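Presented sequentially are two complexes of chain A, the first with chain B as partner and the second with chain C.
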Partner chain A sequence: METKLIKKELLPGIVRGLAEDTLVYAPVQEEDNIMFRVLEKDMEPILEFANTKNAPKNFFFPQAETMMRFLKKERGAELLEVPIAAREAVLFGVRPCDARSFVLLDYVFDDPKYRDPYYVERRAKTTIVSIACVRPPYSTCFCTSVGGHPMSKEGADLSLVDMGDTWLAEAVTEKGEKLLQNMGDLPGADEAAVTRKNEMAEKAAEVVKADVPASTIKPWLDENFDHDFWNKIHIGCLACGTCTYLCPTCHCFDITDEMKKEEGRRARSWDSCMYWLFTQETSGHNPRPTQKERWRQRFMHKFKYFVDNFGAVACVGCGRCVRYCPVNIDIRKIAQDISKL
Partner chain B sequence: MENIEKQLREEAGKLLSEKKVDVLIGYGKGTLPYQAVPTIITEPGEAEQLVWNPFCTVNLAKYVHDVIFQHRESQKRVKPEDRTKKIVGVVARGCTTRSIIIHLQERQYERDEVVIIGVPCSGYVSKKKLWDALEGREPLECAVEGDTVKVKTQEGSRSVALKDVLSDSCFTCRYNNPIIFDVMVGDPAPPMNPEAEYEIVDAFESLPDDERWAYFTKEMSKCIRCYACRNTCPSCYCKICFVEQSGPKWVGVTIDESDTQVFQIMRIFHQAGRCVDCGSCVEVCPMGVDLRRFLKKLDKDGYNLFGHRAGESLDSPPPLSERSMNDKEDFIFEP
Partner chain C sequence: MEINPYVPMPVKVDKIITEVTSKDIKTFRLTFINKEDEERFDYLPGQFAELSIFGKGESPIGIASSPTDKGYVEFTVQKAGVVTSELHSLEEGALIGVRGPLGNSWPLDYLKGKNLVLVGGGFAFTTIRSLIRYALDEENRSRFEKITVVYGAREPGLLLYKEELALWEKRDDIEMYVTVDKGDADWKGREGFVPAVCKEVAPSSENAVALICGPPIMIRFTLPEFFNLGFSKENIYTSLEMRMKCGIGKCGRCNVGNKYVCKDGPVFSLAELDKLTPEY
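What follows is the complex of A and B.
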């Protein structure tokens, strides 16, 4: 695979250039938040940032989308197809943790048995460009504890590394190589640059200090669904959806039919296991009646069920849920507390 | 501050060991240096976990309501003659006691079901303002010394004036000391700056309609419908919120502009005469939506039209729960 060098001052122009004929989704400053947004003509992509507020999953798996429409008829309904909105796109500036989230989401949405055409079509048409964390941005980062690395290329098609006055651009897949060729005539990276990058990667991993026992707690989780430990972890939880909505790997959704007079639509929207309505049944029964069961579900889904189903922990260690939880319930601490039991 | 914390732990331990309360709601130490965690303790020994500092943020009255209602739910399966009350202790600053007053006025629970440990308050640190003051650098260690917050970041140590990072609500707080309490720890805190309370509303009211609407739509477009604002609000205690009702369905589930706006408008209006400006909704919002400006407008109207401030005293009934012969009715004829 090709490895090139891009001069620092050239990259913003290259990204804006891509946005002229392709859909580009990139981090932009929106008041106090850095958000992934569709890059419009007058928008400036941000290349130096800690991490975005929202996870990039929205791009393949939008918070809400219409699956079909229907018209009420005298007898029954007429169903109207809604084509999947997917076109050639570039998802630019994804942190390595978030890029890895797509590998995990692929297990769910690109399962041979239950293939989700909405996710899969967008994913297939998109080239993902990651920006490595030469300096891991937050003390709440814990990618190295969940199988990631601050300079991992997993999930990316093209990886960018900040080398000071240049970006080292490394194609990871054929899609990435094609994109790199489209970026114009760029000089190749020499041996020395690659060696320096490898040294930086070692240093970067050392900066991520968090030691979250994400996989070693699995045997305990297998045995202790009813343990008293679960009685306390949810105390203080507001039952809001901040953790799940900002999480790059949370992927639960709900399907709702909405009617307006004679017209209706079937919409898919994000759901959250933190909500009381999540498994509320029509009968009035809820198998997860209190926040305790809901929290256990969130934790188990990430560190046990997903491992059972797909062989990986459903967490990439981005730390968003830790930083933005309104009441500071810390998933790292829960894992650490379990490892001490 | 340390002194108040010490007394607080003593009082909390005493209430639990003397069985005057079954549970006690307070703040505990968080894993992040700028955040305390709402904590519920049941054993006297656990009182040592309690903290009191400017990082104690969310209004704990929400948890008082939650705990009492969860207990009542569990009592439904108990024979009526065997049912018990659960007495809840709570660490309460001014705004928390105002919310408790609203609960009592709205007959959510009885005064004898809650034991209030009053604490004086000089405001809490808004984590958004703290991050902003540090220009996005992460606070790795924080300590409040007098009127300064000393912060350690990766780039070295910084000092930030406490008043620059206090929540907007605290800055103009009128009731920073508890209004009702059973035990008080510490001396009353000096007043904040309530004269400036409605400045943001006055400025906003003076804008033309289209600018106000543009501001509203811009702010609401940030909302991701996580419901943190609603869930932290002590006045948002409806068992089933209108957004979750399906027969009839009041509002769509998506983040379409109209769905988000309807959710927020209806939630805000549901706070008429009931918002104590504790700032919790603003503080918990992960997206930084400016909810306060709109809530404060209702608060101002409540005061100007009915002379009412939410939860200011047990004896002042909320305007929407009371009828008086002197009520203005000109709006009926001149919409």
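What follows is the complex of A and C.
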């Protein structure tokens, strides 16, 4: 795979150039937040930022999307459209933790038995460009505890590393290589640049201080579904669902029908295991009746069930749930407390 | 083109049978509009499907017919929520959708050569009915040994598939024990709760597998009877229900521990359930 160097001052222009004939999503300043948005003509991509407020999962798994449209008829309804087709797109400026989240989401949505066509189509049409965390941005970062690395290329098609006055651009997949070729005539990276990048990677990993025992607690989780420990972790939880909405790997959804006169749609929208209605049955029975069971479910799903099913922890250590929880519930601390039991 | 697992197959409601005197349980016989969908809907007893009404939503329902019933598929549905209420308001000839078949099935390979003890309570009898129809089919009957059925309802008017029960009673290759909690003036059959009837019938656990479906209270009191009869947890199966949306293990709500009821279930042996969390 090719590795090139891009002069710092050239990259914004190159990204805007790509946006002329492809759909490009890039981080932009929006009020107080850095958010991924479709890059329009007068917009400037932001290349130096900590991380976006929202996780980029919504490009493949939108917060709300139409699964099918239909028309009410006298004796039933006629299916009008199943909108699956997606445009070629570039998702530019994803942090390595978030890029890794796509590998985990693939296990769920690109499962060979039941492929999710909406997700798979967008994923196939999109080239992901990551920006390595040479200086991991937050004290809440813990990617190194969950199998990631601040300069990981996992999940990315093209990886960018800030080398000071240049970007080191490393193609990871064929898609990334193609995109790199479309960026114009760029000089190749020499041996020295690659060596320097590797040194930077070592230093970057050292900056991530958090030591979360994400995988070593698995044997405890296997045995202690009924432990008293679970009686306390949810205390204070408002069931707002912020953690699940901002989480790059949370994938739960609802399916609902909407009607407007005779026309209707079946839509999918994000749902959350933090809500009582999520598992409420028509009979009135709820297998997860209180926030205790819901919190245990969220934690177990990430650190036990997903590991059982796919061999990976369903957490990329981005720290969003820690930073934005309104009552400061800290998933790292829960893991640490378990490891002391 | 690859099949979109979320798109329902169009079906016609060919026949509606009101099963019970309370009129809130009906059987819907559905026929496929497209021949290729009928072939695609290749199912086994114990599986379920999402019944889909555009504008209302979907509801996961166990398949009540048997794959040996050609040309149609049947679902027995209790009127309860938005979708099932809409279903109950339909007339014959209505067009709806079916998405499936979904989930695993009764363990047919394991049941081969075994004595079957089939226990149903109330409305939960539907997928056991599927298995009985399947097993009594000429081509399949020899694959199973003795078949014993214990089926109970609260009162005679709440028994499902009455005509069929009467036909099965007349056969000599299936032993039927139909019971009601309390009979009425016309009831000439057995009275008593399902656990008590199971105790009385006392099916041998020798080379036998029990499939038990019913309300939680019935299951709770029936299981000890089967343990007393010597049935191991490996030889007792049941079928779980949970709130579902996608039916294919993605939307995240119907898991019991690391298993999804929609994809890995709904049928589990007690031994398998023991390994899962008691959260259902």
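The rule is short, and it goes like this: the second predicted complex is superposed on the first by the 340 of 341 C-alpha atoms of A that agree within 3 Å, B and C clash if a C-alpha of one lies under 4 Å from a C-alpha of the other, contacts with A are read in each partner's own complex, and residues count from 1 in each chain.
Heads up, the rule we're going with is that contacts are C-beta pairs under 8 Å (C-beta built on N, C-alpha and C of every residue); 3 or more make two chains touch, one makes a residue touch a chain.
The shown structure was predicted, so the numbers you read here are calculated from the model rather than taken from an experiment.
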### Query
With chain A superposed, do chain B and chain C clash or fit?
fit
### Message
One more residue to check, A:A64. First (chain B), second (chain C), both or neither?
### Response
first
### Message
Once chain A of both complexes is superposed, is A:N231 in touch with chain B (first), chain C (second), both, or neither?
### Response
neither
### Query
Which holds for A:V322: it touches chain B only (first), chain C only (second), both, or neither?
first
### Task
For A:S269, decide between first (touching chain B), second (touching chain C), both and neither.
first
### Query
Which partner does A:K53 contact after superposing on A: first (chain B), second (chain C), both, neither?
first
### Message
A:T242 in the overlay: touching chain B, chain C, both, or neither? Say first, second, both or neither.
### Response
first
### Query
Taking the superposition as given, does A:Y114 touch the first partner, chain B, the second, chain C, both, or neither?
second
### Task
Once the structures are superposed on A, label A:N309 by its partner contacts, choosing first (chain B), second (chain C), both or neither.
second
### Task
May I ask for the angle at the C-alpha centre of chain A between those of chain B and chain C, rounded to a multiple of 10 degrees?
90
### Task
With the two complexes superposed on chain A, say which partner A:D32 touches: chain B (first), chain C (second), both, or neither.
first
### Task
Considering only C-alpha atoms, give the closest distance between chain B and chain C in the superposition, rounded to the nearest Å.
8
### Summary
Note: overlapping chain A surface for chain B and chain C spans 254, 256
### Message
Help me check something: in the complex, which residues belonging to chain A touch chain B?
### Response
30-33, 50, 53-54, 63-64, 137-140, 235-236, 238-242, 245-246, 254, 256, 258, 267, 269, 272, 275, 277, 290, 322-324, 326-330, 332-333
### Residues on chain B engaged by chain A in the complex (per definition of touch)
30-32, 35-40, 58, 62-63, 70, 128, 132, 136, 138, 140, 222, 224-228, 231-232, 244, 249, 252-256, 283-288
### Query
What does chain C use to touch chain A in their complex?
2, 4-7, 10, 53-58, 80-81, 84, 93-96, 241-243, 245-246, 248-258, 263, 277-280
### Query
In the complex formed with chain C, which residues of chain A make contact?
67-68, 70, 72-73, 75-77, 79, 82, 84, 108-109, 111, 113-117, 225, 251-257, 259, 264, 266, 271, 273, 278-283, 287-288, 293, 297, 300-301, 304-305, 308-309
